[in-house]
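Lettered A, B, C and D in written order, each chain numbered from 1.
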């Protein structure tokens, strides 16, 4: 049949490309080539050879398991070899393009695509032949990301990893699992380790977050990485939107009776795999959890976060240092400087509030990076998901980190399923921050205040 | 960081490309665009838009579930729309190539790659966002393969499906499961339906193949397609290499006691998903099963198939019709013609044997297709896996199919782990059919016979 | 401590009792006693000895596995040995009673109890020490029930089995599992085999009963007998109470859309284990399924059976044969006799209906066995569960069995959770058959008819 | 049929007996009796009534869940009510005995047995009707054991619990599960809590005991109590028999490579459920684990414990205080008195060793309780299982507990499958302590020493 021929031709193109690369490996390997003594980069070449077709699983297992026993420098050397020796050939590309250019039909396009795709991608795909290697590849990219600052050329290899991981860790392949006190200890241990927002101090602390009837934790898993959560979210079921984190994490608190729960609060969301940086799951996780909670707990009508504002204080401090800003008056500077003590009396708090609230609103609504983006990364995440900036909470997180990063401020983002699409589009297309009127008013109050303060 | 910027730029390239395609969808959709009334092809465009980022799971679910309710003609229309409206842009490719050509660095290569990759691939990836859609996409490609003869241009879309499926159904993601009498009925039902070599007549027939202690059945599954075996193999544990299929499938037979099993016989291997045609699993399946059986049953030392020879009779008949051949004498023609009756007496059998055996050897060892390949597809599969052609069995399958396809002949291929790599390389590189000396002798006997017969 | 002493003393009583029985076994066993050559009854004695304490699991496994290889006559011999050799000792009972009688305190009562309990019970408990033996013991009782008619003295041993099984198969230990098309084939095979009401003809027939969205099947399992359903019920979800069985079992029928289901119809309930005869599960099964269905399908408001009337025709025929009855007139006899043909024309049906309906009502409401019980065993089961006799359906089951047993009649029993307790009590305490007014009216109609017919 | 009649008669006897007890409940309940306001003891009576037959599950659930919310005093009151109100009736027993005595046939025996069995047992069986209640009943017996010292009459009820639990928790119903780092946290938490020999200090400590490749932990579970281990054993795989506990529990130690493991060391065995006191599992657990380990790890050839000697120091101190003993000389007393300091220099140790070793041997081999039993409870357990006292280890456990209970001594018991039966029989029948010759020699050395010391 015509088309099988077409497909085979294509495969042959890829195979041919690979084969030219494995000449060295062949020479080394010969009939007596023993994979347990061959250098790793040669083994990678062997993977693309005819012998690789016959013994791909064995070679892939050997490469990944030996890689894991290497020192950092050796690992980086292997990654560089992968990056450089398995790139696409410019000459081949030129030839393929010129054929395509003269007759841009489907067949010539397919050949061009096969030529432009770097053989690195096929190496990575074949490294995944051995069951269990997916995890090893994720850790390999973790090394790669560590090496990038010193070896910027690895961006090419990283692009290949990212391309494949986006396909492999596609939402349709992920599985949502609830994490609770009956989950395996080896999973729970990772929840403790990976929690990035409000550190989990101990197994008792963990238990308080997952066992009570008014607490939930959900994670995405990939079937080929079954003991490793990819991302997880911690949820508190409450009777109202929370204005501070302490009551949620408190050791002693009343458990909310089931029917009183009206509000699901996403108070922590953490990525677990550095090697999957840039592959986005959070958006899907939150929406899936909202869907599941709505179905399971019909009394819930509000889905809201309690989120940190990690860039706020750095921005405020920069504004204060900037004598040309119109956002901060000298009086403000004095109030903020006074705050820097350990304890603040109520009067100071009130002063601070008058200064910080409009700054916080401005930080979200008006301040932008030089390239015009919203400054706060957490805001970019939730607004990008289609959430609305719902409420500003001063003095909401008095932990060392909360104070250091954001003068203790936190915010609520609201996930309102009916307006998520529109919110997302306003943010993605026009860069508009969708916020409640209360947030906008907080900004206004500041204008008032500023005009007062600047005669 | 530089590299994040690099990656983002790349994503933007892809997004930009998609966005120009969705202008029509946007016009249609507007704020009030309701996905349940929008044409399917517009929905596919919407998937690539900003709204698709926010609601990809919902849109993907809508497309695949509506597609499944379409008639054949409408399905083909959708596939053609997908094929034609989401192709890569030749103009964009030319621009990207010219930039790359003037400075072939990593960044320009990445941009070229992103431009050459057809947006169809991103559509397919996003169609997979909704859990459960993987199966729908496999069935979509099944439709596509059906449509290909009438619409050869769909080869381009098929290439995209095949590229993605090769990545998604990578060996590392597959799970081997034993199939036995405690397996779910819905899986067993599919084993009955998909068996392609020796049809399973009934549930009782199935039971005879999977329940006895000297029978095994294994299948590969993909986690996102959990109720659908991808490929399965049926195994008989025996005390010797079998020369015929009937004793294996017999209703009444003695069960072999555990310790007597020395030989694992792969007597049937069937692909289950037409939509995964061209994605190869069989090689991995057999090797994994060999590995597992060796570990579980230490008495096993031989791993061999009992395989059909589906192209043999057609080839013999063509040779007979060809008056210029030197392979068949008139005496042979007479013997074969006499065979075509229903029953053959022992003497005829002996004659037939004298004629057929050397022809069978020649069919494997010397006869080739016009393009120089081994004729028999089953042979290509096992030899390509690195197996050896071990024994020729005349009068091994007297079923209607066995007689019609191969004059009742079957063969054994031997999987000898120590020589698989070398066998594969000899076959893949030099086209050499690795065969036992008995097979070669069968060929020789014929030569003798022919020289005898042609004075 | 006092109480430990008390308990130990008790155990010693039991041990002492056992020990006197094992003298023969000891003699045989000695140091060289090999359990694989010892007679089964001696092994049973050995189970109660000191050696039995050390090796109970091994001995129990040996006894049950050897028992299963015995012929029927040998099995009965073993059961008789068990029955006769491990009875309580009348002399010991007399002694224990006289001590108790002179001072009926707790200690003396405990000793009396331990003396009255036959050592057979301890033998059976110890036979259960080996994992997997529970199933063997259930089959042993099946043999025992077969042997009872010829060996009425085995009633004593049967009493011990029944006592232990009531405790072991207590409702609290049973697990309800839904049976559907994803259940293991080995379970489904047993559903086919054990269906006792409306025979399942084939795997396709089974599938029609468990796969469609408007069908359910549930079974009780015991954890120690995990592949064996104990009892199961088949349920049809319908929009109304059914008056006949054929539409439920039809090969071609429309599947009811989810929200239209208002009525759960229990149309078949079958016990699976003959060895558990007399241990009642059906009552618990129906109530649990009602509870589960109510929770899962909120549109359901009616829970009703469609039940056979297995004793009806025999009773009618006996009445007809009885010339002194006042229930049947000669005209009735003629009508019924005319019915006995294969096909009945509508007019005959109408006549038959006039005769049969009041007889059917009377069969439930007035006819009784010599000892005063309701005649129909199915009626006793459902009325004993607290159901109400809701509707009489003539011409509801034209299968051979339906005609032969009940002139094709079936009835509906209604499970109304609010009145179950009261209904049960009226039936259990006063023997009152709780029936709908329609059923009572059917009786009345007959009276009228009879007075008409008897001038 | 005769026998069904026989069985029914028997059931009627039981029911009759129950019914007379529920008269009061009936009066209270009537048609309007609401189970949620009825006193618990009345509910227990209701369980035995006709209404209890119809609604047993509901009533049982109500009783157990309300019981769990009671204060201790109320719980004891309920247990006393159960004990006293549901006892067997002496008058009924006298009648049943006199019938039996005049004609001791099977039927009369059965009736006597049914009359002697206290209705309490049927109450407990019916309390188990509600799924999940088994755990509640185990905790109820825990309360009962707490109440026993103050209410010795509860021994009767305890006898009933024990009788039923022995049947319900029969070995054949228990499931062995390996506990490791992938076990649910709620199970692991209980391992930490219930460890009774060498306390588990933290989750890290737990992890060191179950995660390394040379450590194992196994527990018995009952299917109706699925989150609660009943008993568990911790095992270290080693290359030799250990002489001290510290190296096994050390934070830093080398993990033994798989093939070097020759010895499985049972270094801790703990019962988990106080409410199951007196129901023995340990014997079965150790033997099952030995069987499983032998199958899984063929290099293992030795199965040995490292066990505490909890009664040793109390016995030594009593001997020292006893001026008439011939076991301890004044010189010995001085050595032991010197030991009581915190640290001991090597020379003291040697002296101590000379004194303690023969005392330890004598403690096992010669010292006995007034009733003639071996003093050490751990020794009674292992010797009763058929193990052999293999080696005495002085200075093996310097924990506070080890020193306080046993002057730091520990011992090894050897489980040699070939001699378990014989060992058990020698111990159970003749009270003989089977010990290695090394242990016997340690005794002898003392004799020598003593004779030396006593001119």
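Note that in this section a contact is a pair of C-beta atoms (placed from the backbone, for glycine too) under 8 Å apart; a residue touches a chain by one contact, two chains touch by 3 or more.
Computed from a predicted model, the values in this text were never measured in an experiment.
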| item | value |
| --- | --- |
| Graph separation of chain A and chain C (steps between touching chains) | 2 |
| For chain A and chain B, chains touching each | none |
| Centre-to-centre distance between chain C and chain B (centres being mean Cα positions), rounded to whole Å | 52 |
| Mean-CA-position distance for chain D and chain B (Å) | 59 |
| Whole-Å separation of chain centres (CA-atom averages), chain C against chain D | 37 |
| Graph class of chain-chain contacts, one of line, ring, star, complete, other | ring |
| Footprint of chain A on chain B - complex, ascending | 1-4, 6-7, 10, 31, 50-51, 53-57, 60, 87-88, 90, 93-94, 97, 100-101, 104, 106-107, 109-110, 112-113, 116-118, 125, 128-134, 148-149, 152-153, 155-156, 158-159, 162, 164, 166-168, 170-175, 223-224, 278, 284, 287-288, 385-386, 420-422, 424-425, 428-429 |
| Of all residues in chain B, those that touch chain C in their complex | 181-186, 188-189, 203, 207, 227 |
